[in-house]
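Shared chain: chain A. Partners: chain B in the first complex, chain C in the second.
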Partner chain A sequence: MNRTKQSARGQYLLDRGASLPLILPATLLVLVFLVGPFGYMTYTAMTDLSYANPDQNGAFIGLDNFRHLVRNDSIFWNSFWLTIRFVVVSVTVEFLLGFFLAWLIWRFIERQRLLTTLLLVPMMLAPVAVGLIWRLLLQGDFGMVTYYLHKIGLLSRASAVFSSPDLVMPAIIAIDVWQWTPFVTLIVLAGLMSLPKSPFEAATMDGAGPWRQFIDIMLPLLRPIIALVLLLRGIDAFKEFDKVFIMTGGGPGTVSELLSIYAYRVNFKNWNLGYGAAVAFMVYLVVLILCSIFYKAVYWKPSARQARAR
Partner chain B sequence: MLGNGSTIRMLTITAALSAVMTLGPVSHAAAWSLEEAAAPYKGATIRTIGEALPPLEAMKELAPEFEKRTGIKVEIEMYEHSEAVSKVMLDLNSKRGRYDFIIQPHRELGKFVTNGHVVPVDAFMADPQLRDPDFKPEDQLYQRLWKEISWYDGKDYGFPFTALTMYMWYRSDLLSDDHEKEGFKAKYGYDLAPAQNWQQYRDIAEWFTRPDQRLFGTALQGKRHEALWYEWLNFLYSFGGDMLETKSGSECGPVVVNSPQAIAATEYYKSLKAFSPPDTLNYFWDDVMALMQQGEVAQLIMWNDSTYAVAVDETASTVVGKMGFDLVPQGDGGKVAQVEGWTYLIPTESKNKEAAYLFVQWMMDYDQQLRQHLHGGASARPDVYASADVQKLPYSKASMESNEVAKPKPTVPLSGEMTDILVRELSSYLADEKSAKEALDTSAQEISTLLGSCAPMKYPVE
Partner chain C sequence: MSKPYKILAVGILACVLVVALTPYLWILLASFKGRLDILSPVPRWFFTPTLDNYPAVFIGKDYLPLVFNSLIISTASTVLSICVGAPAAYVFARTDFPGKEDLFFFFLTTRMAPPISIAVPLFMFFTVLGLTDTIYSVVIAHTSFNLSLVVWMMRGFFAEIPKEIDEAAMMDGRSKLGAFVRVIVPMAAPGLAATSVLCFILSWNEFLYAFILVAFEGRPLTVGIPGLITPHGTLWGQVAAVAVVATLPILVFTFLVQKHLVRGLTFGAVKG
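And then the complex of A and B:
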C-alpha cells in the first residue's frame, strides 16, 4: 500500500518535471565533453584556421577543406585505404585467433582464472609502452626479436624490420594482434560461459553434430557478443596512433602513415587546424558508418519468411 | 677677481661634470647588481621549457645559483624535441602564459613573431634597472648566428641558447691505424685520413663496412623524422644546393630544392645506405649517437651538442679518446655547415617578463656560458671557445669552424610545413617509393604552392 503510494508520488513528480534535475548532470557532461567539442570541430573544419600562417586566422570557408580533401589530397586517400586494410586484416586475425583461444579455454581448461589474468597483460599496457617495447625488440642492431629472427633465418642479416618497407605493415599488424587478441578472447569467453545449455542438449538429442551445433546454435547465440567485439576493435583499430607513431613515425616513406598519423601531422606538425579538423571529421564519419553497420548487425532479426525457410 | 673666481668655479664645475659624465657609466656599472635588479621580483617563479639534452641539463644545474642570489625560483620542463615544440605552440595559442620564457629551435621563430606570440627584447635591454652593463651581445656573441637564430625582420627577440651545427665525427683510432692505412692505400690509391670530400667519405665508408665485425662505414638518420632533413641539409649545402634562393632565413624567395645540385646531393646521400647498418631507415639522432658510443660506426655527420656524450662522457661512451671531428666534407658548395640553434624567447603572455629577462641575461654571462659549455652546452660566445678548458675538448675546433661557415635556413612562418614536406619526400625516396628527382620535384611544387607568389619554382616541373 505504502509502496504503491510512493510509486504514485514518484510518477507525479516525474510528470511535474522533476526528472529534469535528475538527468541534468549527465546531459551537461555529454554537452560539455561530447556535443560541444564535436560542434567546435565541425565548425573549425569549415574555417581556414592555422596556428602557423598569420594570414589564415579562422575565416569561414564553407566546405572548401572537405572538397580539397576528397578531390585533391592523394596523401589522405593513401592513408585512408592503408587504414582500412590495417583494420580489416588486424581485426579479422584478432577475431579468429581470439575466438579460437576462447573456445579452447572454454572447452578444455578447468582453472580459467589464472589464464585469463595472464591474458590481460598485453592489453593492460599503455599503447605507448607497447610501441617502445616493440621498437626495442625489433631494433635492427640490438633487438632481441631481431636477433632470433636472424638466427632462425626468417630475416636476412642485411635487413631490419622497420627499415624494410615490405615488412613494416605486417610487423605492425602482428604487434596489434599480439596486443588485442586477448581482448577478443576474454569477451568471447564471457559469452561462451553464459550460453544456455538446453539448446545444445536438445540439439544433441536431435542428432546434431558439433559442427552443426556450432554453426546453428553457438554462433547465432553469440552474435551480439561477436558484433560488440568487432565493433570495439574496429573503432579502436581505425584510430590506431600511438604504437605506430613510436615505432615508425609513419615511415619509411608513407608505408605506415595511417589516417591518425596523417591527422596528427596536419594538426600538430603543420598546425593547419582547419584542414586537420576536416581530416578528423572524416575519421569520425567512417567510425559512425562502422557503428551503424554493426548496430544493425546486432539488432538484425530474420524476417518471418526467412525464419520459416530455415 | 670675480671674473677669475667665476672662471675657476666654472672650470671646477666643468671638471666635476666631466668626471661625472666619464665615470658615470663606470660607477653605474659598479652599482648595478643582479640582486638589486631582481629585488622587485623576489619570490616570483619563472617557468621555462626546452629539449631534454645536456645544454638544458647543464642549465638546470646552474639555476639554483640564480635562485639563491635573486630569490626568483626557476622551474625547467624538459621534453623530447617535438614534444618541447608542440607544447609551446599550444601554450602560446591558448594564451595561458604558462611559460615565462621559452627555449625553442630557431626555425619556429617566424611563426611566433608573425603571430605576435613573442616580444622583442629591446625594451628590457634599454632599461637600466634590468640591463647588466657588462652584457654586450653586439660584441660578445657570434653576430651572424645571433642575428639568424634570435632576430626576425630586423628585430631582436632573444639570445642563443645553443649555437648548434653539424660536423663530421670519425673514429680517429681507426683512421690512424697502420694496418688500416696500408690496406686502404692499396685499395684506393691514396692515404687514409679524415674525409675532405665526398668521394673520400664514400671510400672510407665502404672500407670500414664489415657487418661480420659489427662495424659500419657510416649511419644515416633515415627515419621519417626531422633528423633526416637536418642531416640531408649538410649534403644539400655541400653540393651547392639550397631550399630557397634567399640571403637570410626570414626571407621568402624562389624554390630551388629540385636543382640539379640538390638531386645529385640526394642521390649521393642515399648511396651511403649501402654502408649503413640494416636498420638505418629507422634511425634518428639518438640512434646514431648510441651506435657511435658503442663503437659500431667509423664516421657520420652529427650534432655538436651530442658530441660531449660520445667524446667526453666515459659513463656513456666506449670511444672516449678515440674520436676526431672535422668540418663536413666539401663538395661544389665549398666549406659549409648549417646554422641551427635553440633560442631564448619571451612570450607575449609571460607573467614575469622582467624576471625571465634577468635569468636569460645571467645565463648569457661568460661564467655561466663557460660552465654550461663544459657540461655539454654549445655556446654562442666566441670567448668561451678561447678558454683553455674548452680548447681541451676534442670537438671545439670543429665546432668553431663550423659556426663560422654555417648557412642559414628558412625561419618563415611556414618553415615547419616545408620541413614536413621534405621529410616525407626524402623518406619516400629512401624507401624506394620514388626517384630523387620525383621526390624533390614534388617537394618543390608543394613548397611553392605553400609559400605562394613569393616562392616561384626556379626549376619548373614539366
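And then the complex of A and C:
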C-alpha cells in the first residue's frame, strides 16, 4: 500500500470537490451516533442524575463522581483489578497456546484448510450463545463437562461451578481461552505463512539450531503480528460483557463482576446514571489508551508497514 | 522432519479439535433431546431424537419474530454501513488531505469503543427521539460500529486496485460517480462481499447494544436468550434450539468468507 503523495493524474476521479461528499456521510454518522452520545455521557458523568432518586435530577456537580469513584469506591477498584487480572491471564494463556498451535500447524500440517475452518467455530459463535452453551455444560447435577471433570477427579460431584466463588473466575478464563485461542492461532499462522524463507536457509547453513532460529529470526519477524494479536485480544477482553453476563451476571456476589458488568449494574439496575456515566467513562478511557498503543505499534512503524505491504 | 514428531503434532491438534468442537456438538445434540435425556446425570451421547424443542420455542413461545428481527437488523445495518462506509474508504485509499490519518484513527477508536460506554448515552438519546424499543435504534447503533470496520477493511481492498483503472474509467467519458459505481465497485466486489458478510455476522452476534436499546418490540434473537433462563426449571432443550438457530447460519457464513476473515478480524492489518 503506497501512502506517498500521488500524482495529480491518479487523483482526478477524486478531486477536492468529489472527496468531500463521499467521506462526509460516514463522518457525520459516526459524529452524531458515537461522538454525540459520548459527549453527552461525559456531561452526564458530571451530574448527579439518577432515575432511582427524585432529588437527583441532574444538577451539575463537576468532578465529584470521579473523585468519589477514584477515592472511595472500593467496588469499582475491585472490579478494575479483577478485569486487569482477567485480561492479563486469559490473553497470556490464549497467546502462548495459540502461538504453539499455529507453529504446530505451520510445521507439520500440509493441508491446513479444513483444520483452520473447524478451529474457527468457537470464535464465530455469538458470545451470548457461548455463555449459554457453557452454562449447560457446567450445570451442577447434569452438566456434561462437570460429569467428566468429576470423573477425572478435578471437581467434587454436583458442584455448580458458577456459584462457587473459588471456581467462577478460573472457569470464565478457561471459557475465554476456549473461545479465543483459535483467533491467535489463525492470525499467527497467517504471519508464519508469510515469513520469507531465505533468513532461515542462511541460518541453517551457518549452523544455527531450531531454537536459535526461533529466537533470533522468527520472533523478530513476527513482532508486528504479535503486537497486533496481543492488543486486539487485550482490548476485546477488557470490554468483556456478554458471556459473563449470561453465565454469572457478575456473581456469586461480585466475584466475577468485570468492569462492564459493574457499569451495567450502576446504570441499569441502580439507575444511577450520573455515576454510571463516570464508570463507563473510565472503561472508555482505558480502551482508548490501549487503542492508541495498538495504532502506534501496528500501523506507524516501518516494520509494520512492511508486514502489510506483503 | 521426523515421523514420531509429526504423529505427536497431529495427535495434539486432534485433541484440540475435539475440545474446540465438542461443546458446540453438545448443544446441537441437546436441541434434539427430550427433557429426561438432558437432565440425565450421566451424559447421554445416544438417545431417541425429538423435534419438539424447535416448534415449542419458536412457535409456542413466539420466538420466530425474533429471528426475523435479527435478519432485518443485520441486513439493514450491513447495507447502510457498506453504502456509507465504502465511498469513505475509497477516499482514504486514493487521496491525501491534511489530518487524513487522524480521521482514520478516529474511525478505529469508534470501532473499539466499549459498548457499555456508548450504549448508555445512546439509550438516553433514543429515549428523547422516541426510538427506544424499535428496530431502528438497533440498526443505527450497529451501523455506527460496523461503519468503521467497513472503512478500515475497504481501504485496503480499494488500495489494491491499480490507479490506472481509475484513469481508464474516466477515459470512457463516464461521470465520476458512474466510474466509481460501474468500474471500481465491481473490481472491489470480492472485498465488498467479505466485508458485508463480516458486518452481518458482527451485527447478528451483537448483544449489549440491542439488549439496552430494545426490551421487547423489535428485539433480536440474542436479546431473547437471557429470557429463557430461569432460576428453576430452565427448559434446556428449547434454550439449545434457540442457540443453534442463533449460531448455525453464522457458521455457514464464516466458511464462505474464511479467506478474508483474518483480514477483517485484524482491521486489515494482516492479509490472511
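By definition in this document, the second predicted complex is superposed on the first by the 269 of 310 C-alpha atoms of A that agree within 3 Å, B and C clash if a C-alpha of one lies under 4 Å from a C-alpha of the other, contacts with A are read in each partner's own complex, and residues count from 1 in each chain.
Keep this in mind: a contact is a pair of C-beta atoms (placed from the backbone, for glycine too) under 8 Å apart; a residue touches a chain by one contact, two chains touch by 3 or more.
These figures come from a predicted structure and were not determined experimentally.
Of the two partner chains placed by the overlay, chain B and chain C both lie in contact with A:Phe268. Shared-chain residue A:Asp141: touches chain B and chain C both.
Once chain A of one complex is fitted onto chain A of the other, the partner contacts of A:Ala190 are limited to chain C, with no touch recorded for chain B. Contacts of A:Pro165 after superposition on the shared chain: chain B is touched, whereas chain C is not.
Within the superposed three-chain model, A:Val283 lies in touch with chain C and out of touch with chain B [touch as defined at top].
When chain A is checked against chain B and against chain C, the one touching more of its residues turns out to be C. Applying the stated contact rule after C-alpha superposition, one finds that A:Ile217 touches neither chain B nor chain C. Contact with chain B, but none with chain C, is seen for A:Asn53 once the two complexes are overlaid on the shared chain.
Once both structures are placed on chain A, chain A residues 141, 268 are touched by chain B and, in the other complex, by chain C.
Of all residues in chain C, those touching chain A in their complex are 1, 5-6, 9-10, 12-13, 16-17, 19-21, 23-24, 26-27, 30, 38-43, 84-85, 87-88, 90-92, 94-97, 103, 105-110, 112-118, 120-122, 124-125, 140-141, 143-145, 147-148, 151, 156, 159-160, 163, 166-167, 169-170, 176, 179-180, 184, 201, 204-205, 207-208, 212, 222, 225-226, 229, 236, 239-240, 243, 246-247, 250-251, 254-255, 258, 261-262, 265-266, 268-272. Chain contact summary for the complex, chain B toward chain A: residues 86, 89, 93, 111, 114-115, 211, 222-225, 277-282, 291, 296, 413-414, 416-417, 420, 424, 427-433.
Residues of chain A touching chain B in their complex: 51-54, 75, 139-141, 157-160, 162-163, 165, 248-255, 265, 268-272. The part of chain A that touches chain C in the complex is made up of residues 1-3, 5-6, 9-14, 16, 18-19, 22-23, 25-27, 29-30, 33-38, 40-41, 44, 101, 104-105, 107-109, 115-122, 124-129, 132-137, 141-142, 144-145, 147-148, 178, 182-183, 186-187, 190-191, 224-225, 228, 232, 235, 238-239, 241-242, 245-246, 260, 263-264, 267-268, 273, 276-277, 280-281, 283-284, 287-288, 290-292, 294-295, 298-299, 304, 307-308, 310.
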